[in-house]
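Labels run A, B, C and D following the written order; every chain starts at residue 1.
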């Protein structure tokens, strides 16, 4: 319950001092598992929080940033059985989780194929998104990538990313017709496609014509947000990668992060889909109602095109045979780690989305250690 | 008063010797606070000047370069009260001033948004300016950038800088219509826009339709210089970034640097605007009549497109919430420092404008130390 | 003969243990010189094989990867006469073989000319292949390169690779007419050309109009696969660089790698041509029936455009005066080594085809040591 | 006189031995100051030549490469008066000569202007030459560069080199009309312009309309070679940068390098122009009949576009106020040194013309030491 009275006054007093505040386990007054927004109580504004054994769910949400800035986990040697008994509906993804999922290529591996992805992206005025997502998909390791673009975007994509093959729409300016889907084992749609009427129709046709789990981003999410009945027809295991505003259009409004977290899980359960809600600690909800929180990334990644790069990375992983869940977890972690490495090189301000892509290789290498 | 007679002859004699000349405080015969051009007196041509406690105003102007080449400040431990009493209408910006202004991003900061800038730039034949300013704006840390370009410039900007979003004019060749200004929290206009009739009109419409402080560069300044009545309508806190010739068209002619300096301050006071006069020691005049002199930069930056990069940097800072004054001071310093780092890598001759942009990240990092 | 009975059961038992298996000379049950596929016998799944004096032919084929992963050669000091008596119809190309073939340029060499290559590549939707092959050809050391492209591809190739000269087809979209062949001393055709009717005809005209050994890749191979009668007219010493599917269309199907190996040699003998079958250990068959196996390369090279880069490298070598055989051996080795160096820098997943090209210079330098 | 008889037989015997041959001063049988081609005598094929005090003129020509490969100068402490008395009509340009000519920029230099160059370059199919020369001109230190291109080349040049300003011809495909020449203090013409009829006419108009020393390259030289009467109208101090075939078209044929050298000087004297004959030891002839030989460069520079880069470098120097002679000497040396540094990084084979440009900054820095 909210902290008020004398203890509340003590908290306010501490918050008003100009000293560094360290909290143990969780800042006093902060709720671990429900929203503290409008709680009416006083909450310690900790600079550093040393938490026992587990990160608290409250640490995942930016609405608690005034209370929880830096935080670290301290192991207190709980009995292993106790640890296992903890509810795992929330899971903080750490480096060893990802290392266990990475499909390492070894010198003597079968060179075979690393899949053929289809990316439907770009429209007149928004071709940059297609360029960024395409290069990211290739650098994430896709064997082949075909990017479907409108006619006017052909020169741009081919000059910028010669490794990409192209499928060219009959429309000059936007996505209006489905290419033959047979060659592809992974399909992503959304970066820069806009919301033209013919684009909406073509998206609908795509949903009706494939059994592959689709990756929806950006305007593909916005279109589905306005046509929610179509959601009933999406194949199982689809992935959505909304930023907060796209999330709201797709899933609905909420008063605080805990409520939003609940809505996110319900959406995933209802449509058998994965939702990657991009933000402070990117949250990945699953068809079984579980939610994973990502631990990489930094404020240098809040830059135009960063989301397009994430879409490319996840698509590249799907092409290589990662399951939807694996692609979500590994892709989000890798994207954040590449962004962290880019910021180490160039600083938070100067890092661009293409610098994240440029550091994907180093992120893979860092995970090998 | 001008130095003549015997002392003047001694000065001439010293100047004609082939030796290195060191002056203390200020070269003999040079006026500290007024123009020495056409003074009629003799002035020492010092190679190095060791100045007491403060740089003299005369050191800021290239017209005094024959007399003042390298200069250093020597502290003579003046009583602090004395230092404070010195007129601060002139201020030499040094590294610690800028470090105090930089809004540092920390790992646990709210990722939030770093603003959405609008850049109106480019015309047929001058699209390079739009490319250079756009990448600089992103690398200075803007969250999102939309560049408004004429139709023919779309392929160029999108191939060169995929991170940029675009707004496309109905005109094939130039800026002719205002985009919706609602999404933007910072607006810059000028690099490469030319001076077509419809561009003039569109600039006027822009001034009439926003309360945001506008950043004017290049042909935007030239147009305003020919339409000075429009200046009465500019919002408060606008920024002008003229080079000397553009300055003259906007503010008028002057006989020497001190006179020009006075005109610059008067313009700033009259229109409530900041003027960044690019040159030897870039001078930043403010609405309160004060003037700041920048201490970074080098002759390697006198290269085509260097000014477009400065415009991009300042716009990127405005988008992130820096005030007009902060954006002027930090932007000018950062741009000069990035240029200094670029020249260290590549030499003065070979550094291009895009190399300045490529070193913005390193400049930010140098300021963190 | 296949291993069955008790020994077979021992092999199955070992394979089911979760331990590292080292085989000496060759994994028990594996045939050295014929296919073990469908042999019906048990075969050891070795993790490491230490082989006496020679690599066994069975090690060259990916169908044996379950049995042979890493392998090393152990010298057992066979009498030199014995070594020489071994049938040399199979040859594993190692670093010293290539070092002996490289035409080193020395400071005081005649600068003369390093040839003028013609590359016929690209069509609407497939210009990336032309870009990749062109830059690779230049970086392999061709003195001059003219790339013949359809009209719509001109801007793309010239923006991406300004060092290339262009020959522009009268067709907007595909290769339809032969340029004057006089200036060229090496000709390659195929990357991204498609299979339009007029392209088929123009390919036929090319074959009829030159005595130079031609380098055929990609769709040029596919067209010839459907027009096998044209093969009788190809000049002596031509080179084909098919991937396995293109190989099948050109040469026919086979049940296992040994059968395919035999077909490859027969094709080379019949048409006096070199066939570079790209794959696990790229196999280079010769007009005299011999076959060379390449020892460089890695799974990071199974990425879109990797084959286009190989075509460019071989064409660049032909231009410099390497014979067809030398160009095949050196080109395949250099391409694989550049890929190995690229993967060391960027990891297997993140290396793109253009990164292979970017490492050609380092590969040459590694060979100089 | 030619070496025959017994000594000749000894020379032949030595040449047939498989040993390293060192010659002192000059290989026996080689003429120092006249052609040894078809001399009828025997000449030692030296691997290394150690020459007294001066490089012999014969060392400058590639026709003597069989006899003189590596050579070094040994000082024998000749009396200074003797050294000065040697005919200086031939001069080998060494690093200290160039260091004395470089106009160093210092931190406190007037930033002023480093000139505004005009480059007329490019045509349909040959825009790469314009791109290469433009970037080289900027990296050599020109303050501003305007490149005049045909309409179809605009997107290419502006995407590749955003720092360049453009002047756009009314012709879609080639140079056909003179831009206003007023803003420029240096003009270069030729890379990739082709030889269209209207281009010839426009070149003639250019010659008639400027008093600036013009820099002629490539097709500009070929056009003048076919219209030798126009040469009488060129302004004083013009520079020609032919490769051997262009030289022949302009100046005429010769039987050997000494004859060609004589023709080159005569041409320079006759037309008051500098001729830079690109080759093994690039030779720079002057209006006073003197000839300078360059000592930088390597066989890695015999690659498409290398000459366009030289044109850009010299034009960039002219813009900065170097005289025609200084620009010829410094430009040739700097271009060769940048090529040497590029080859150190990437090897002879893999270095492209744009890599020379990329190393101009390092070449300047190497000269500062």
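Here is the rule we go by: a residue touches a chain if its C-beta (ideal position, glycine included) is under 8 Å from a C-beta of that chain, and two chains touch if they have at least 3 such contacts.
Here the structure is a predicted model, which means the values were calculated and not measured.
> Which is it for copies chain B and chain D: same residues on both faces, with over half shared, or different residues?
different
> Please flag the chain sitting at the greatest distance from chain B, going by CA centroids.
That would be chain C.
> What is the size of the turn, to the nearest 5°, that moves the C-alpha atoms of chain A onto the matching ones in chain B?
The two chains, chain A and chain B, differ by a rotation of 90 degrees.
> Just how far, in Å, is the C-alpha centre of chain D from the one of chain B?
40
> Using CA atom averages as chain centres, what separation in Å is found between chain B and chain C?
Roughly 56 Å, centre to centre.
> Provide the list of chain D residues touching at least two other chains, using ranges where the numbers run on.
155, 159
> What kind of graph do the touching chains make: line, ring, star, complete, other?
Topology of the interface graph: a ring, with each chain touching two neighbours.
> State which pairs of chains touch, listing all of them.
Every pair of chains in contact is listed here: A-B, A-C, B-D, C-D.
> Would you tell me which residues of chain C are touching chain D in their complex?
By the definition above, chain C touches chain D via 105-114, 138-145, 154-155, 158-159, 161-168, 360-362, 364-365, 368.
> State the interface residues of chain C toward chain A in the complex, per the touch definition above.
62, 65, 69-70, 124-129, 131-132, 155-156, 159-160, 279-280, 297-305, 345-354
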